[in-house]
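Below are structures written as structure tokens.
Shared between the two complexes below is subunit A, which pairs with subunit B and subunit C, respectively.
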Partner chain A sequence: MLSGYWHFTPEVLVVCGAFAALFGGYLPGKDRGAAYAAAGAAALAAAIVAFGGTGGPIVFGQLEPDSVARYARTGLAGLTAVWVLWVAGRGMPGERRREGVALALFATAGGMLLSMAEDLIVMFVTLELATMPAYVLMGYRRKDVSGLKRALDYFVDSILASVIVLYGLSFLYGISGSTAFSGLELEGSGMLGFVAVMLTLVGLFAKVSAAPLRHWTLDANAKAAPVSLAFVSTVPRVAGIVVMSRLILAIAASAPAIGILVGVAAAASMIAGNCAALSQGDLRRLLICSGIAHLGYLMMALAAGTETGYGAAVFYAVAYAVPSMGVMLVVAEEGVAIGDFARLASRRPWVAWSMVLWLLSLIGIPPLAGFFGKLYLIGAALQAELMALVLLAILATLLSAAYYFRIVREMFFGDEDEQVGGAIEPSHAATVALALCAVATVAIGIGAPRLIAALGVRFG
Partner chain B sequence: MAVGPSAFMGVAAVLFSLGLYGVLTRKNAVMVLMSLELMTVAACLNMVTVSRFVTPAEMTGQVFAVFAMAVFAAQIGIGLALVLAVYRQTGSIELSSKKAT
Partner chain C sequence: MSETVSGPVFAILAFACIGGAIGMLSARNTIHAALWLSEVMLAVAGLYLLLSAEYLAVVQVLIYASAMSVVVLFIIMLTLREREGPVRMADFSIGGGILAGLTGVILYMALADRGDRISAMPVEPSGTAALGELLFGRWTLPLEVAALILLVSLVAAVWWSREVDS
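== the complex of A and B ==
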């Protein structure tokens, strides 16, 4: 049984990196050195997962490092490495770096374990490990009263979602008599099964901020520091999406009706997210709203309830998070109002062109990551003959181009007078972090056919 | 009279509903945290009930409940820290999201 334990090497490395960051006062370079050490640990962990092998179930079948988990773990560790590298260059606003970096790495370790979870207990514990540091990161500035208040609201709502998930899981366990995903059996459970699935899904949707309970994320996140938001809206969220997809696939085997629930939530997320994003002037709010819409596209594939839909959804989770992290980090550098981006192209041409790349990927223009991601999502939905959802997704994508291109227009043709922020000092670490995001956006796009084959997606 | 699983699950459902009511109506952050704890207890009671009546030999539910309690102890720790941080700045522990109602 101990033979599979080497699969945990990356997680151990990430936790070691977190401790190294915590005790950064003893490292050369102090605070900044701590962040570099943590970024190195996360990057090494990503490389080990990417080039390491996959395997069958380990630890009594509670975790399974399969190819889907490998893809998700590489993405999570890589995203964290990029974020920490950026923080090493620019710092956390108003506070020192090392606690924030350590918390981010703990969340990443939780997220990486979460994407391997094959058991309800492991899933719940790691889900909390992945999201708990987010509450602290949201209220990271001690002097910022409104930020702290929002963090407290965010905390209460997120815990409420956790408790609802927990209550739902207790019913799922009660009906099937087992906590393993493979042992979930809802056939003929009637009303109790419906209640169990509803509670679990509503809680999980709230955790990853999908449609029915999405308002709280928007209100609570809108005042947070953009750099915290760049982490909170990508890494823990991707991990949550991966495990949600896994659980939906496991439930769909014995209760196909779950597809209707997921489909309705998908449609609601697409409509609500895109409509809300259209009128936002604050880029944080715009990106959160569009994140809800992207989750809608993703759940469209989950509504199919097939292996193909599952693989496509996990692929899209990372393919969406990479450009979204890039955009959020630039927002953290430039400012949160859309006017702050005026004439970015003449001030910092490379950053402006990277922004264009990320926004095009978010819209879904070939050959970038977002295009292939959406292609596979639509393919999976078409296989299950969900025509209405596919049409809605295409319309929503066209609509999304409107607000993404507003940012592009501001960067290239904006009114120079509006620009209030001064020039920011150059930082090599931050530049490298942004460049990595841009390269990854293209690389995921180019490597998409190979990646998706490894994720078990089959068309035709 | 034998007490079956439905009695325990009924108590759990009542506890859960009371907690949910508290979370949705209270403005005081500490009261909200206590209501959340009540909901957790309900979920744990549910698990232990299931474990006792469905899989008595395996104790899975008890283990699940112990893990859930440990996790929530940590959560409430973070919550109280946030409440304290807000209290130091503003001298109030009311939740801002419910000011309007």
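== the complex of A and C ==
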């Protein structure tokens, strides 16, 4: 049992990075130095996971560092490194960096453990660790009273979701007598099993903001600082999606009806997310809405209830988060209104072209990450003969091109008079962070066939 | 309900539980509501004792009935600017009531339907020592993660309560 503990090295590193950031006042470079130290720790952690091996269950079977977890953990640590690097360059708006950076790293450590979780108790505790720092990041500016109010809303709603999950989990444990994912046995549990699964899924859907329960995220997030949103809508969310996929796969074996529930939520997310995104002028709202839609595509594969669907969903979770973080970071630099992006191509051509790259990936244009992600999702759904969902996903994708291209049009042909913000001072760290996002978007796309094979996805 | 659970005692505790909850909901004074809440928690501790779950009962009294109640009272006193008569409007939501009733009915049906599927309880209730061994042996990882969560909330509390420096 002790032999498996080296698998924790990356998580320990990330937590150490968080502590280093907390005591950033003693580091050279003070606040900025704290952020660089944290970014280094996260990047190193990502590298260790990526090149480290996988293994069987560790810690009494409560965690499993398998290849899916390796992919997710690399993605989580990498995304955090990029985000912290950007923060090192540009700072948190109106406040000092170190607490925010430390909290983000704590959330990352929680998320990385969460994506290995194979046990209900470990899952719940790490889910809390992954999401709790988000409440602070959402209300990070202490002078911004309305932002703090939204953060409080977000906190209360998210805690409510946690409690609902916990209630469902207690029933799951009661029915199967085991907290291990592998021991969840719902065969013949009737109404009680249905209640247990419903409560668990409703809570988890709310946590990752899937369709029927999305409203609170939209309202709570709409006024948050874009830089906070860039983290909150990617890292904790990816971790939540990974563990939700794992749990759905574990339950699907003995409760096939779960596929219908997930399928309905997937359809609702695709429709509601895309329709709401169409009319948004605020880029934060637009990206949150489109995030709901992307979750819909992802849950379409989960509705299949197969190993292939699970692998494809986890692949897409990271493949979606990388460009999404890139776009959100540029929003944090340029401004939240769509008019702020007017003529970005002539002011900052590289950033504009990176934006085009990310938006194309979000739509799903080859050979970028998003294209392969969607391809595998659709493949998994087709295997399970979910034709209706596949058709809906294709229609929804076409619809999504409409609002994504609105941003592109503004960047290249926008009316310059609308642009109000002054010139943005150059920052090497932020430029590197954005470049990393762009490179990763292309690299995940090019490496997709190898990655997806490692995730255990098999077609045909 | 098994024969070992004494009927009259259960009836008294159940009455205290439900009555306390109703009292909490209908109290106009916020502090009275908080006191009703701790009464409910004490009654639940009594129910645990009745089921010979001594450990749960002690934890219930220690954590919920005392620590949590104190926190709730603190919050009420700190956040209420007007100490005189912290009165709230009587607030009965019909939708909420229907939802609560519906949840109760579904849960009752589910439990009555498949109550026998709930894993058999051990005959001899496990002692506190065994629980401690489990907590610091098998379940060390969640325990450590919980410690990190507490640290995060501490950092958050300090962040929000500290003076904003210029």
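To be clear about the criterion, the second predicted complex is superposed on the first by the 460 of 460 C-alpha atoms of A that agree within 3 Å, B and C clash if a C-alpha of one lies under 4 Å from a C-alpha of the other, contacts with A are read in each partner's own complex, and residues count from 1 in each chain.
The rule is simple: a residue touches a chain if its C-beta (ideal position, glycine included) is under 8 Å from a C-beta of that chain, and two chains touch if they have at least 3 such contacts.
These figures come from a predicted structure and were not determined experimentally.
Asker: After lining up the shared chain so the two structures overlap, which partner does A:102 touch, if you call subunit B first and subunit C second: first, second, both or neither?
Answerer: Only subunit C; A:102 stays clear of subunit B.
Asker: Just checking: does A:22 make contact with subunit B only, subunit C only, both, or neither of them? Give me first, second, both or neither.
Answerer: In the superposition, A:22 contacts subunit C only.
Asker: Thinking of the overlay built on chain A, is A:435 touched by subunit B (first), by subunit C (second), by both, or by neither?
Answerer: neither
Asker: So, does A:170 touch the first partner subunit B, the second partner subunit C, both, or neither?
Answerer: first
Asker: With both complexes overlaid on chain A, does A:132 touch subunit B (first), subunit C (second), both or neither?
Answerer: both
Asker: Quick one: classify A:189 as touching subunit B (first), subunit C (second), both or neither.
Answerer: A:189 sits against subunit C, while subunit B stays out of touch.
Asker: Which of the two partners, first being subunit B and second being subunit C, lies in contact with A:264: first, second, both, or neither?
Answerer: A:264: touches no partner chain.
Asker: Now for A:159: first (subunit B), second (subunit C), both, or neither, which partner does it touch?
Answerer: Once the two structures are laid over each other on A, A:159 reaches subunit B alone.
Asker: Is A:150 touching the first partner subunit B, the second partner subunit C, both, or neither of them?
Answerer: In the superposition, A:150 contacts subunit B only.
Asker: Go through subunit A and flag every residue that touches subunit B in one model and subunit C in the other.
Answerer: Correct list for subunit A: 121, 125, 128, 132, 135-136, 139, 142-143, 174, 177.
Asker: So in the complex, which bits of subunit B are touching subunit A?
Answerer: Residue list for subunit B touching subunit A: 16, 19, 23, 29, 32-33, 36, 39-40, 42-44, 46-47, 49-50, 54-55, 60-61, 63-64, 67-68, 71, 74-75, 78-79, 82-83, 85-86, 89-90, 95-97.
Asker: For the complex, give me every residue of subunit C touching subunit A.
Answerer: Residue positions touching the partner: 106-107, 109-111, 113-114, 117-119, 138-142, 145-146, 148-149, 151-153, 155-156, 159-160, 164.
Asker: Which bits of subunit A are touching subunit C when the two form their complex?
Answerer: Of all residues in subunit A, those touching subunit C are 15, 22, 59-60, 62-63, 99, 102-103, 106, 109-110, 113, 121-122, 125-126, 128-129, 132-133, 135-136, 139, 142-143, 174-175, 177, 188-195.
Asker: Provide the residue numbers of subunit A that touch subunit B in the complex, in ascending order.
Answerer: Spelled out, the residues of subunit A in touch with subunit B are 120-121, 124-125, 128, 132, 135-136, 139, 142-143, 145-146, 148-153, 155-156, 159-160, 162-163, 166-167, 169-171, 173-174, 177-179, 216, 219-220.
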